[in-house]
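These notes open a run of structures that come right after.
Each of the next two complexes has chain A plus one other chain: chain B in the first, chain C in the second.
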Partner chain A sequence: MALTYVAIATTTVGSGGAANIEFTSIPGTYTDLVIKASLRDTRNGPANDFSMEINGAATNRTYKALKGDGSTVTTFSGSTATIGVEDGDTATASTFANVEIYIPNYAGSNNKSISADSAQENNQSAAEVWMVASLWSQTAAITSLKLVPGNGFSYKQYSTATLYGIKNTV
Partner chain B sequence: MTATYDCIATTTLSSAAASVTFSSISGSYTDLVVVIQATWTTSSNDMYIYMQLNSDTGSNYSTTILSGNGSSALSTRFSDRTNMNMDYSATIVYNQPTQRNINIMNYSNTTTYKTAIWRSNRAGSGTDAMVGLWRSTAAITTILFDLESGDFASGSTFSLYGIKAE
Partner chain C sequence: MPTKLVVDCSTGVTTEVELTAEEIAQREADAAAYAEQKAAEDAAAAARAEAKANAEAKLAALGLTADEIAAL
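Right after this comes the complex of A and B.
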(Lines of atoms letter the chains of each structure in order from A and count residues from 1; the text may use other names and numbers.)
(Lines give C-alpha, C1' and ligand atoms only; values in the text may rest on other atoms or scores of the structure.)
Protein backbone atom coordinates (compact mmCIF):
# COMPACT_ATOMS: atom_id res chain seq x y z
CA MET A 1 0.00 0.00 0.00
CA ALA A 2 1.29 3.44 -0.90
CA LEU A 3 2.24 5.64 2.03
CA THR A 4 0.00 8.66 2.58
CA TYR A 5 2.36 10.90 4.59
CA VAL A 6 5.91 10.97 3.24
CA ALA A 7 9.03 12.97 4.07
CA ILE A 8 10.16 14.59 0.82
CA ALA A 9 13.23 16.38 2.16
CA THR A 10 14.82 17.44 5.44
CA THR A 11 17.45 20.00 6.37
CA THR A 12 19.54 20.62 9.46
CA VAL A 13 21.52 23.85 9.54
CA GLY A 14 25.23 23.31 10.00
CA SER A 15 27.84 25.14 12.05
CA GLY A 16 28.14 28.05 9.63
CA GLY A 17 24.45 28.92 9.78
CA ALA A 18 22.29 29.38 6.71
CA ALA A 19 20.75 32.40 5.04
CA ASN A 20 17.57 30.42 4.46
CA ILE A 21 16.14 26.92 4.30
CA GLU A 22 14.88 26.02 0.86
CA PHE A 23 13.08 23.05 -0.63
CA THR A 24 13.33 22.96 -4.41
CA SER A 25 12.09 20.72 -7.21
CA ILE A 26 9.02 19.73 -5.19
CA PRO A 27 7.20 17.09 -7.23
CA GLY A 28 3.54 17.55 -8.02
CA THR A 29 2.70 13.99 -7.04
CA TYR A 30 1.22 14.78 -3.64
CA THR A 31 -2.00 16.53 -2.66
CA ASP A 32 -0.89 18.63 0.29
CA LEU A 33 2.43 19.82 1.69
CA VAL A 34 3.42 20.19 5.32
CA ILE A 35 6.56 21.80 6.73
CA LYS A 36 7.51 21.00 10.31
CA ALA A 37 10.43 23.08 11.53
CA SER A 38 12.50 23.96 14.58
CA LEU A 39 13.95 27.43 14.00
CA ARG A 40 16.21 30.03 15.57
CA ASP A 41 17.76 33.01 13.82
CA THR A 42 20.64 35.45 14.42
CA ARG A 43 18.54 38.60 14.60
CA ASN A 44 18.42 40.55 17.85
CA GLY A 45 15.37 39.84 19.98
CA PRO A 46 13.78 36.81 21.58
CA ALA A 47 10.98 36.49 19.02
CA ASN A 48 11.29 37.42 15.36
CA ASP A 49 8.98 37.14 12.41
CA PHE A 50 10.07 35.16 9.37
CA SER A 51 8.78 34.63 5.85
CA MET A 52 8.11 31.83 3.43
CA GLU A 53 8.79 32.55 -0.23
CA ILE A 54 7.00 30.52 -2.86
CA ASN A 55 8.56 29.64 -6.21
CA GLY A 56 11.36 32.09 -5.53
CA ALA A 57 9.22 35.12 -4.79
CA ALA A 58 7.63 36.94 -1.85
CA THR A 59 5.03 38.69 -3.98
CA ASN A 60 1.29 38.16 -4.51
CA ARG A 61 0.86 37.42 -0.84
CA THR A 62 -1.54 38.52 1.87
CA TYR A 63 -2.04 37.32 5.40
CA LYS A 64 -3.92 37.79 8.63
CA ALA A 65 -2.36 36.82 11.95
CA LEU A 66 -3.35 36.26 15.55
CA LYS A 67 -0.62 36.56 18.18
CA GLY A 68 -0.42 35.91 21.92
CA ASP A 69 2.62 36.85 23.98
CA GLY A 70 1.69 35.71 27.46
CA SER A 71 -0.15 38.90 28.39
CA THR A 72 -2.04 40.23 25.38
CA VAL A 73 -3.67 38.95 22.22
CA THR A 74 -3.28 40.99 19.04
CA THR A 75 -4.23 40.58 15.42
CA PHE A 76 -2.67 42.15 12.36
CA SER A 77 -2.45 41.75 8.61
CA GLY A 78 -0.18 42.52 5.70
CA SER A 79 0.69 42.05 2.07
CA THR A 80 3.98 40.23 2.58
CA ALA A 81 5.19 36.65 2.82
CA THR A 82 5.32 36.76 6.64
CA ILE A 83 4.36 33.32 7.90
CA GLY A 84 5.23 33.08 11.61
CA VAL A 85 7.51 33.62 14.57
CA GLU A 86 10.84 32.03 15.48
CA ASP A 87 13.39 32.33 18.25
CA GLY A 88 15.92 35.14 17.89
CA ASP A 89 19.43 35.64 19.11
CA THR A 90 18.49 36.82 22.60
CA ALA A 91 16.02 34.05 23.30
CA THR A 92 17.03 31.65 26.05
CA ALA A 93 19.95 29.54 24.88
CA SER A 94 19.11 26.24 23.20
CA THR A 95 15.49 27.20 22.53
CA PHE A 96 14.05 26.84 19.05
CA ALA A 97 10.60 27.73 17.79
CA ASN A 98 8.14 25.04 16.73
CA VAL A 99 6.56 25.64 13.33
CA GLU A 100 3.96 23.83 11.25
CA ILE A 101 2.87 25.10 7.84
CA TYR A 102 0.09 23.33 5.90
CA ILE A 103 -0.56 23.91 2.19
CA PRO A 104 -3.47 21.99 0.64
CA ASN A 105 -3.77 21.45 -3.12
CA TYR A 106 -0.34 22.95 -3.72
CA ALA A 107 -0.18 21.62 -7.28
CA GLY A 108 -3.70 22.64 -8.26
CA SER A 109 -4.76 25.47 -10.51
CA ASN A 110 -6.41 27.63 -7.85
CA ASN A 111 -4.88 30.27 -5.63
CA LYS A 112 -3.10 28.65 -2.69
CA SER A 113 -4.20 28.96 0.94
CA ILE A 114 -1.67 28.38 3.70
CA SER A 115 -2.21 27.69 7.40
CA ALA A 116 0.73 28.28 9.74
CA ASP A 117 1.15 27.79 13.48
CA SER A 118 4.35 28.78 15.27
CA ALA A 119 5.46 29.25 18.85
CA GLN A 120 8.64 30.14 20.68
CA GLU A 121 8.57 29.48 24.40
CA ASN A 122 11.78 30.44 26.17
CA ASN A 123 10.96 31.02 29.86
CA GLN A 124 11.38 34.78 29.55
CA SER A 125 8.87 37.57 30.01
CA ALA A 126 8.24 37.61 26.26
CA ALA A 127 7.28 34.51 24.37
CA GLU A 128 4.99 34.35 21.38
CA VAL A 129 2.55 32.05 19.64
CA TRP A 130 1.28 32.95 16.17
CA MET A 131 -1.50 31.65 13.97
CA VAL A 132 -1.40 32.84 10.37
CA ALA A 133 -3.81 32.58 7.43
CA SER A 134 -1.80 33.27 4.29
CA LEU A 135 -2.70 33.37 0.64
CA TRP A 136 -0.58 33.12 -2.49
CA SER A 137 -2.71 34.63 -5.24
CA GLN A 138 -1.21 32.59 -8.04
CA THR A 139 -2.51 29.55 -9.89
CA ALA A 140 0.88 27.95 -10.65
CA ALA A 141 1.87 24.74 -8.91
CA ILE A 142 4.21 25.24 -5.98
CA THR A 143 7.62 23.83 -6.81
CA SER A 144 9.82 25.54 -4.22
CA LEU A 145 9.45 26.85 -0.68
CA LYS A 146 12.00 28.96 1.15
CA LEU A 147 11.99 29.89 4.85
CA VAL A 148 13.69 33.26 5.29
CA PRO A 149 14.58 35.13 8.51
CA GLY A 150 13.74 38.82 8.54
CA ASN A 151 16.08 41.71 7.73
CA GLY A 152 18.78 39.65 6.06
CA PHE A 153 19.65 37.62 9.13
CA SER A 154 20.31 33.88 9.02
CA TYR A 155 19.38 30.60 10.63
CA LYS A 156 21.45 29.31 13.51
CA GLN A 157 23.05 25.90 13.71
CA TYR A 158 20.70 23.08 14.67
CA SER A 159 17.66 24.68 13.08
CA THR A 160 15.76 21.96 11.24
CA ALA A 161 12.97 21.76 8.70
CA THR A 162 11.29 18.81 7.05
CA LEU A 163 8.95 18.92 4.08
CA TYR A 164 6.24 16.26 3.97
CA GLY A 165 3.91 15.32 1.16
CA ILE A 166 0.41 13.99 1.79
CA LYS A 167 -1.50 11.97 -0.82
CA ASN A 168 -5.27 11.80 -0.66
CA THR A 169 -5.33 8.57 -2.59
CA VAL A 170 -7.74 6.11 -1.04
CA MET B 1 5.27 -1.84 7.88
CA THR B 2 1.79 -0.79 8.92
CA ALA B 3 0.74 2.56 7.52
CA THR B 4 0.03 5.06 10.32
CA TYR B 5 -1.64 7.76 8.26
CA ASP B 6 -4.21 6.68 5.65
CA CYS B 7 -6.53 8.56 3.37
CA ILE B 8 -9.99 7.12 4.12
CA ALA B 9 -11.97 9.16 1.61
CA THR B 10 -11.66 12.25 -0.52
CA THR B 11 -14.10 14.39 -2.47
CA THR B 12 -13.42 17.05 -5.06
CA LEU B 13 -16.69 18.63 -6.08
CA SER B 14 -17.33 18.49 -9.81
CA SER B 15 -20.39 20.67 -9.34
CA ALA B 16 -21.80 22.82 -6.58
CA ALA B 17 -23.11 20.92 -3.55
CA ALA B 18 -24.99 21.97 -0.44
CA SER B 19 -23.16 19.47 1.72
CA VAL B 20 -20.42 16.85 1.78
CA THR B 21 -20.72 13.71 3.87
CA PHE B 22 -18.19 11.10 4.90
CA SER B 23 -20.17 8.03 5.90
CA SER B 24 -19.47 4.47 7.06
CA ILE B 25 -16.24 5.63 8.72
CA SER B 26 -14.38 2.62 9.95
CA GLY B 27 -13.55 2.39 13.63
CA SER B 28 -10.15 0.93 12.94
CA TYR B 29 -8.19 4.14 13.40
CA THR B 30 -7.36 6.11 16.53
CA ASP B 31 -7.79 9.69 15.34
CA LEU B 32 -9.27 11.43 12.33
CA VAL B 33 -8.01 14.40 10.33
CA VAL B 34 -10.13 16.35 7.85
CA VAL B 35 -8.61 18.86 5.44
CA ILE B 36 -10.95 21.20 3.58
CA GLN B 37 -10.19 23.82 0.97
CA ALA B 38 -13.41 25.35 -0.26
CA THR B 39 -15.14 28.27 -1.89
CA TRP B 40 -18.77 29.36 -1.99
CA THR B 41 -20.92 29.75 -5.08
CA THR B 42 -22.31 33.19 -4.33
CA SER B 43 -20.43 36.39 -5.04
CA SER B 44 -21.96 38.44 -2.27
CA ASN B 45 -21.59 38.06 1.46
CA ASP B 46 -19.92 35.17 3.28
CA MET B 47 -21.12 32.13 5.18
CA TYR B 48 -20.27 29.83 8.05
CA ILE B 49 -19.37 26.19 7.51
CA TYR B 50 -20.96 23.70 9.91
CA MET B 51 -20.02 20.17 10.96
CA GLN B 52 -22.55 17.61 12.19
CA LEU B 53 -21.75 14.12 13.47
CA ASN B 54 -23.71 10.89 13.02
CA SER B 55 -26.69 12.91 11.72
CA ASP B 56 -27.35 14.10 15.25
CA THR B 57 -29.52 17.22 14.99
CA GLY B 58 -29.96 17.62 18.73
CA SER B 59 -28.58 20.57 20.69
CA ASN B 60 -25.49 18.59 21.61
CA TYR B 61 -22.70 20.71 20.16
CA SER B 62 -20.60 23.50 21.62
CA THR B 63 -17.57 25.40 20.39
CA THR B 64 -15.01 27.80 21.83
CA ILE B 65 -13.20 30.18 19.52
CA LEU B 66 -10.03 32.27 19.47
CA SER B 67 -10.14 34.54 16.45
CA GLY B 68 -8.39 37.45 14.77
CA ASN B 69 -9.41 39.39 11.68
CA GLY B 70 -6.47 41.74 11.37
CA SER B 71 -8.00 44.51 13.41
CA SER B 72 -9.62 42.89 16.43
CA ALA B 73 -8.97 39.70 18.38
CA LEU B 74 -11.53 37.94 20.50
CA SER B 75 -12.61 34.74 22.15
CA THR B 76 -16.20 33.63 22.23
CA ARG B 77 -18.24 30.48 22.39
CA PHE B 78 -21.46 28.82 21.32
CA SER B 79 -23.35 26.35 23.52
CA ASP B 80 -26.14 23.86 22.93
CA ARG B 81 -26.05 24.19 19.16
CA THR B 82 -27.37 21.70 16.65
CA ASN B 83 -24.01 21.63 14.86
CA MET B 84 -20.47 22.94 15.21
CA ASN B 85 -19.55 26.31 13.74
CA MET B 86 -16.34 25.63 11.83
CA ASP B 87 -15.25 29.25 11.59
CA TYR B 88 -15.73 32.68 13.04
CA SER B 89 -13.55 35.10 11.04
CA ALA B 90 -12.40 32.67 8.34
CA THR B 91 -15.79 32.33 6.68
CA ILE B 92 -16.32 30.94 3.19
CA VAL B 93 -16.61 33.25 0.15
CA TYR B 94 -16.74 32.77 -3.60
CA ASN B 95 -13.37 34.05 -4.76
CA GLN B 96 -10.80 32.99 -2.18
CA PRO B 97 -10.13 29.54 -0.73
CA THR B 98 -10.92 28.98 2.91
CA GLN B 99 -9.08 26.20 4.69
CA ARG B 100 -9.91 23.89 7.59
CA ASN B 101 -7.50 21.51 9.29
CA ILE B 102 -9.57 19.45 11.72
CA ASN B 103 -8.37 16.88 14.25
CA ILE B 104 -10.85 14.53 15.93
CA MET B 105 -9.24 12.45 18.63
CA ASN B 106 -10.32 9.03 19.89
CA TYR B 107 -13.34 9.21 17.61
CA SER B 108 -14.42 5.59 17.82
CA ASN B 109 -14.56 5.03 21.55
CA THR B 110 -18.00 4.52 23.07
CA THR B 111 -17.23 5.83 26.53
CA THR B 112 -16.44 9.52 26.23
CA TYR B 113 -17.89 12.60 24.55
CA LYS B 114 -16.01 13.58 21.37
CA THR B 115 -13.79 16.62 21.05
CA ALA B 116 -12.39 18.15 17.89
CA ILE B 117 -9.82 20.91 17.48
CA TRP B 118 -9.22 22.76 14.26
CA ARG B 119 -7.76 25.76 12.51
CA SER B 120 -9.80 27.82 10.10
CA ASN B 121 -8.06 30.21 7.74
CA ARG B 122 -8.83 32.71 5.04
CA ALA B 123 -6.25 35.38 4.41
CA GLY B 124 -8.90 37.89 3.35
CA SER B 125 -10.90 37.65 6.55
CA GLY B 126 -8.97 36.11 9.42
CA THR B 127 -7.71 33.12 11.32
CA ASP B 128 -9.47 31.01 13.95
CA ALA B 129 -8.41 28.38 16.45
CA MET B 130 -11.39 26.41 17.64
CA VAL B 131 -12.42 23.50 19.81
CA GLY B 132 -15.73 21.68 19.55
CA LEU B 133 -17.50 19.19 21.75
CA TRP B 134 -20.16 16.70 20.72
CA ARG B 135 -21.95 15.43 23.79
CA SER B 136 -22.33 11.85 22.68
CA THR B 137 -20.52 8.66 23.55
CA ALA B 138 -21.28 7.08 20.19
CA ALA B 139 -18.44 6.22 17.86
CA ILE B 140 -18.27 8.71 15.00
CA THR B 141 -19.27 7.00 11.77
CA THR B 142 -20.59 9.95 9.75
CA ILE B 143 -19.33 13.50 9.32
CA LEU B 144 -21.43 16.07 7.47
CA PHE B 145 -20.21 19.48 6.34
CA ASP B 146 -22.76 22.01 5.19
CA LEU B 147 -23.29 25.74 5.06
CA GLU B 148 -25.35 28.41 6.70
CA SER B 149 -26.82 28.92 3.23
CA GLY B 150 -26.05 28.05 -0.37
CA ASP B 151 -23.55 25.61 -1.87
CA PHE B 152 -19.91 24.70 -1.81
CA ALA B 153 -18.46 25.60 -5.20
CA SER B 154 -17.15 23.18 -7.78
CA GLY B 155 -13.49 22.41 -7.12
CA SER B 156 -13.83 22.45 -3.34
CA THR B 157 -11.90 19.57 -1.79
CA PHE B 158 -12.61 17.50 1.32
CA SER B 159 -10.23 14.77 2.49
CA LEU B 160 -10.62 12.44 5.47
CA TYR B 161 -7.53 10.77 6.93
CA GLY B 162 -7.20 8.14 9.64
CA ILE B 163 -4.28 7.91 12.05
CA LYS B 164 -3.39 4.66 13.75
CA ALA B 165 -1.58 4.72 17.07
CA GLU B 166 0.38 1.57 16.45
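Right after this comes the complex of A and C.
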Protein backbone atom coordinates (compact mmCIF):
# COMPACT_ATOMS: atom_id res chain seq x y z
CA MET A 1 0.00 0.00 0.00
CA ALA A 2 1.33 3.42 -0.93
CA LEU A 3 2.87 5.55 1.79
CA THR A 4 0.31 8.21 0.93
CA TYR A 5 -2.57 5.97 2.05
CA VAL A 6 -3.52 6.87 5.62
CA ALA A 7 -6.19 5.29 7.82
CA ILE A 8 -8.13 8.23 9.27
CA ALA A 9 -10.64 6.30 11.36
CA THR A 10 -12.24 2.88 11.65
CA THR A 11 -15.18 1.34 13.44
CA THR A 12 -16.84 -2.02 14.02
CA VAL A 13 -20.53 -2.53 14.75
CA GLY A 14 -21.24 -3.94 18.19
CA SER A 15 -23.70 -6.56 19.39
CA GLY A 16 -26.67 -4.21 19.29
CA GLY A 17 -26.28 -3.44 15.59
CA ALA A 18 -26.33 0.06 14.13
CA ALA A 19 -28.82 1.95 12.02
CA ASN A 20 -25.98 3.61 10.14
CA ILE A 21 -22.27 4.41 10.31
CA GLU A 22 -21.19 8.03 10.03
CA PHE A 23 -17.72 9.55 9.73
CA THR A 24 -17.76 13.15 10.92
CA SER A 25 -15.20 15.98 11.11
CA ILE A 26 -13.33 14.63 8.10
CA PRO A 27 -10.18 16.73 7.71
CA GLY A 28 -9.67 18.51 4.40
CA THR A 29 -5.97 17.76 4.30
CA TYR A 30 -5.97 14.85 1.86
CA THR A 31 -6.37 14.69 -1.89
CA ASP A 32 -8.88 11.82 -2.06
CA LEU A 33 -10.90 9.67 0.32
CA VAL A 34 -11.50 5.94 0.29
CA ILE A 35 -13.93 3.93 2.38
CA LYS A 36 -13.26 0.23 2.70
CA ALA A 37 -16.06 -1.61 4.40
CA SER A 38 -17.26 -5.08 5.27
CA LEU A 39 -21.03 -4.92 5.56
CA ARG A 40 -23.98 -7.13 6.44
CA ASP A 41 -27.46 -5.95 7.38
CA THR A 42 -30.70 -7.25 8.87
CA ARG A 43 -32.75 -7.54 5.70
CA ASN A 44 -34.51 -10.91 5.42
CA GLY A 45 -32.92 -11.62 2.06
CA PRO A 46 -29.48 -12.38 0.61
CA ALA A 47 -28.68 -8.84 -0.51
CA ASN A 48 -29.71 -5.27 0.13
CA ASP A 49 -28.73 -1.97 -1.41
CA PHE A 50 -27.18 0.75 0.71
CA SER A 51 -26.57 4.44 0.32
CA MET A 52 -23.94 6.97 1.30
CA GLU A 53 -25.14 10.36 2.49
CA ILE A 54 -22.79 13.32 2.20
CA ASN A 55 -22.66 16.15 4.73
CA GLY A 56 -25.82 14.86 6.34
CA ALA A 57 -27.99 14.72 3.23
CA ALA A 58 -29.04 12.29 0.50
CA THR A 59 -30.03 15.05 -1.92
CA ASN A 60 -28.36 16.48 -5.07
CA ARG A 61 -27.29 12.99 -6.06
CA THR A 62 -27.44 10.91 -9.23
CA TYR A 63 -25.92 7.54 -10.04
CA LYS A 64 -25.51 4.92 -12.74
CA ALA A 65 -24.97 1.27 -11.82
CA LEU A 66 -23.85 -1.93 -13.47
CA LYS A 67 -24.94 -5.10 -11.67
CA GLY A 68 -24.10 -8.75 -12.21
CA ASP A 69 -25.42 -11.68 -10.20
CA GLY A 70 -23.73 -14.67 -11.80
CA SER A 71 -26.23 -15.11 -14.60
CA THR A 72 -27.70 -11.72 -15.52
CA VAL A 73 -26.15 -8.32 -16.09
CA THR A 74 -28.31 -5.22 -15.71
CA THR A 75 -27.82 -1.48 -15.66
CA PHE A 76 -29.89 1.10 -13.86
CA SER A 77 -29.70 4.65 -12.65
CA GLY A 78 -31.42 6.99 -10.24
CA SER A 79 -31.47 10.25 -8.34
CA THR A 80 -30.73 8.91 -4.88
CA ALA A 81 -27.65 8.34 -2.73
CA THR A 82 -27.57 4.60 -3.57
CA ILE A 83 -23.94 3.50 -3.72
CA GLY A 84 -23.82 -0.31 -3.69
CA VAL A 85 -24.92 -3.72 -2.47
CA GLU A 86 -24.25 -5.45 0.84
CA ASP A 87 -25.10 -8.79 2.40
CA GLY A 88 -28.57 -9.25 3.78
CA ASP A 89 -29.23 -11.58 6.69
CA THR A 90 -29.91 -14.71 4.63
CA ALA A 91 -26.60 -14.56 2.77
CA THR A 92 -24.18 -17.33 3.72
CA ALA A 93 -23.64 -17.17 7.48
CA SER A 94 -20.75 -15.08 8.76
CA THR A 95 -20.06 -13.51 5.38
CA PHE A 96 -19.93 -9.80 4.69
CA ALA A 97 -19.97 -7.77 1.50
CA ASN A 98 -16.68 -6.25 0.34
CA VAL A 99 -17.03 -2.57 -0.42
CA GLU A 100 -14.72 0.15 -1.68
CA ILE A 101 -15.84 3.72 -2.31
CA TYR A 102 -13.45 6.22 -3.89
CA ILE A 103 -13.99 9.98 -3.67
CA PRO A 104 -11.40 12.09 -5.52
CA ASN A 105 -10.94 15.81 -4.81
CA TYR A 106 -13.39 15.68 -1.91
CA ALA A 107 -12.26 19.02 -0.48
CA GLY A 108 -12.29 20.90 -3.80
CA SER A 109 -14.82 23.41 -5.05
CA ASN A 110 -16.27 21.39 -7.93
CA ASN A 111 -19.08 18.86 -7.90
CA LYS A 112 -17.88 15.57 -6.43
CA SER A 113 -17.68 12.35 -8.43
CA ILE A 114 -17.69 9.03 -6.61
CA SER A 115 -17.00 5.50 -7.79
CA ALA A 116 -17.83 2.39 -5.83
CA ASP A 117 -17.54 -1.33 -6.21
CA SER A 118 -19.25 -3.79 -3.92
CA ALA A 119 -19.38 -7.57 -3.91
CA GLN A 120 -21.99 -9.45 -1.96
CA GLU A 121 -20.48 -12.57 -0.42
CA ASN A 122 -22.90 -15.43 -0.86
CA ASN A 123 -21.96 -19.04 -1.50
CA GLN A 124 -25.24 -19.77 -3.23
CA SER A 125 -26.50 -19.76 -6.79
CA ALA A 126 -26.50 -15.99 -7.08
CA ALA A 127 -24.18 -13.35 -5.68
CA GLU A 128 -24.28 -9.73 -6.72
CA VAL A 129 -21.49 -7.40 -7.77
CA TRP A 130 -22.23 -3.71 -8.35
CA MET A 131 -20.18 -0.99 -9.98
CA VAL A 132 -21.58 2.46 -9.30
CA ALA A 133 -20.67 5.90 -10.62
CA SER A 134 -22.26 8.57 -8.43
CA LEU A 135 -22.30 12.35 -8.51
CA TRP A 136 -22.90 14.85 -5.72
CA SER A 137 -23.86 18.10 -7.45
CA GLN A 138 -22.57 20.37 -4.71
CA THR A 139 -19.36 22.39 -4.49
CA ALA A 140 -18.86 22.30 -0.72
CA ALA A 141 -16.02 20.27 0.75
CA ILE A 142 -17.07 16.88 2.08
CA THR A 143 -16.83 16.79 5.86
CA SER A 144 -19.04 13.84 6.72
CA LEU A 145 -20.01 10.53 5.11
CA LYS A 146 -22.75 8.21 6.31
CA LEU A 147 -23.35 4.61 5.22
CA VAL A 148 -27.04 3.70 5.46
CA PRO A 149 -28.60 0.26 4.81
CA GLY A 150 -31.49 0.44 2.36
CA ASN A 151 -35.15 0.02 3.24
CA GLY A 152 -34.87 0.86 6.93
CA PHE A 153 -32.64 -2.05 7.97
CA SER A 154 -29.62 -1.99 10.31
CA TYR A 155 -26.01 -3.10 10.20
CA LYS A 156 -25.21 -6.41 11.83
CA GLN A 157 -22.53 -6.96 14.44
CA TYR A 158 -18.97 -7.15 13.09
CA SER A 159 -19.68 -4.97 10.08
CA THR A 160 -16.69 -2.67 9.76
CA ALA A 161 -15.85 0.53 7.94
CA THR A 162 -12.54 2.33 7.61
CA LEU A 163 -12.00 5.78 6.12
CA TYR A 164 -8.67 6.38 4.40
CA GLY A 165 -7.15 9.61 3.20
CA ILE A 166 -4.90 9.68 0.14
CA LYS A 167 -2.31 12.32 -0.57
CA ASN A 168 -0.75 12.79 -3.99
CA THR A 169 2.60 13.52 -2.33
CA VAL A 170 4.51 11.72 0.39
CA MET B 1 -34.27 2.85 20.75
CA PRO B 2 -32.19 2.26 17.56
CA THR B 3 -28.72 3.70 17.55
CA LYS B 4 -26.10 4.74 15.01
CA LEU B 5 -22.32 4.82 15.10
CA VAL B 6 -20.70 8.23 14.81
CA VAL B 7 -16.95 8.19 14.18
CA ASP B 8 -15.29 11.53 14.92
CA CYS B 9 -12.33 11.68 12.53
CA SER B 10 -10.68 14.43 14.54
CA THR B 11 -10.36 12.13 17.55
CA GLY B 12 -10.87 8.64 16.15
CA VAL B 13 -13.50 8.04 18.79
CA THR B 14 -16.67 6.11 17.91
CA THR B 15 -19.83 7.03 19.79
CA GLU B 16 -23.08 5.11 19.83
CA VAL B 17 -25.84 7.68 19.46
CA GLU B 18 -29.61 7.25 19.64
CA LEU B 19 -31.40 8.18 16.42
CA THR B 20 -33.28 11.44 16.29
CA ALA B 21 -37.06 11.43 15.86
CA GLU B 22 -36.53 12.56 12.26
CA GLU B 23 -34.14 9.67 11.57
CA ILE B 24 -36.54 7.18 13.13
CA ALA B 25 -39.40 8.53 11.03
CA GLN B 26 -37.29 8.20 7.88
CA ARG B 27 -36.37 4.61 8.74
CA GLU B 28 -40.00 3.75 9.38
CA ALA B 29 -41.03 5.35 6.10
CA ASP B 30 -38.28 3.43 4.27
CA ALA B 31 -39.35 0.18 5.91
CA ALA B 32 -43.02 0.75 5.08
CA ALA B 33 -42.19 1.55 1.46
CA TYR B 34 -40.03 -1.56 1.28
CA ALA B 35 -42.78 -3.75 2.78
CA GLU B 36 -45.27 -2.41 0.25
CA GLN B 37 -42.87 -2.97 -2.64
CA LYS B 38 -41.98 -6.45 -1.40
CA ALA B 39 -45.66 -7.43 -1.11
CA ALA B 40 -46.27 -6.25 -4.67
CA GLU B 41 -43.23 -8.16 -5.95
CA ASP B 42 -44.28 -11.31 -4.09
CA ALA B 43 -47.81 -11.08 -5.49
CA ALA B 44 -46.46 -10.59 -9.01
CA ALA B 45 -44.11 -13.55 -8.62
CA ALA B 46 -46.93 -15.76 -7.35
CA ALA B 47 -49.13 -14.72 -10.29
CA ARG B 48 -46.32 -15.51 -12.73
CA ALA B 49 -45.75 -18.91 -11.16
CA GLU B 50 -49.47 -19.72 -11.30
CA ALA B 51 -49.71 -18.64 -14.94
CA LYS B 52 -46.66 -20.74 -15.79
CA ALA B 53 -48.13 -23.80 -14.08
CA ASN B 54 -51.44 -23.32 -15.89
CA ALA B 55 -49.66 -22.98 -19.24
CA GLU B 56 -47.60 -26.10 -18.61
CA ALA B 57 -50.70 -28.06 -17.66
CA LYS B 58 -52.43 -27.01 -20.88
CA LEU B 59 -49.39 -27.96 -22.95
CA ALA B 60 -49.22 -31.34 -21.22
CA ALA B 61 -52.92 -31.86 -21.99
CA LEU B 62 -52.10 -31.27 -25.66
CA GLY B 63 -49.61 -34.15 -25.48
CA LEU B 64 -46.26 -32.39 -24.97
CA THR B 65 -43.77 -34.20 -22.77
CA ALA B 66 -42.10 -32.53 -19.78
CA ASP B 67 -38.85 -32.30 -21.75
CA GLU B 68 -40.62 -30.66 -24.68
CA ILE B 69 -42.31 -28.14 -22.40
CA ALA B 70 -39.00 -27.37 -20.71
CA ALA B 71 -37.38 -26.83 -24.11
CA LEU B 72 -39.83 -24.04 -25.00
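By our rule, the second predicted complex is superposed on the first by the 166 of 170 C-alpha atoms of A that agree within 3 Å, B and C clash if a C-alpha of one lies under 4 Å from a C-alpha of the other, contacts with A are read in each partner's own complex, and residues count from 1 in each chain.
In the analysis below, contacts are C-beta pairs under 8 Å (C-beta built on N, C-alpha and C of every residue); 3 or more make two chains touch, one makes a residue touch a chain.
On a predicted model such as this, the values are computed, not experimentally measured, just so you know.
Colleague: Applying the touch criterion given at the start, work out whether A:Leu163 contacts chain B, chain C, both or neither, answering first, second, both or neither.
Modeller: second
Colleague: Residues of chain A touched: more by chain B or chain C?
Modeller: Of chain B and chain C, B contacts more residues of chain A.
Colleague: Once chain A of both complexes is superposed, is A:Gly152 in touch with chain B (first), chain C (second), both, or neither?
Modeller: After superposing on A, A:Gly152 lies in contact with chain C but is clear of chain B.
Colleague: A:Thr74 contacts which: chain B (first), chain C (second), both, neither?
Modeller: A:Thr74 contacts chain B only, not chain C.
Colleague: Tell me the contact category for A:Ala9 with respect to chain B and chain C: first, second, both or neither.
Modeller: second
Colleague: Can you name the residues of chain C that touch chain A in the complex?
Modeller: Those in contact with chain A are residues 2-12, 14, 16, 19, 23, 27-34.
Colleague: Can you list the residues on chain A that touch chain C in the complex?
Modeller: Touching chain C from chain A are residues 8-11, 13-14, 16-27, 150-154, 161, 163.
Colleague: Okay, in this complex, where on chain A does chain B touch?
Modeller: So the residues of chain A touching chain B come out as 1, 3-5, 31-32, 62-67, 73-77, 102, 104-105, 110-115, 117, 131-135, 166-170.
Colleague: For a test of understanding, state which residues of chain B touch chain A in their complex under the given definition.
Modeller: 3-10, 35, 37, 66-73, 75, 89-90, 96-99, 101, 119, 121-127, 129, 155, 157, 159, 161
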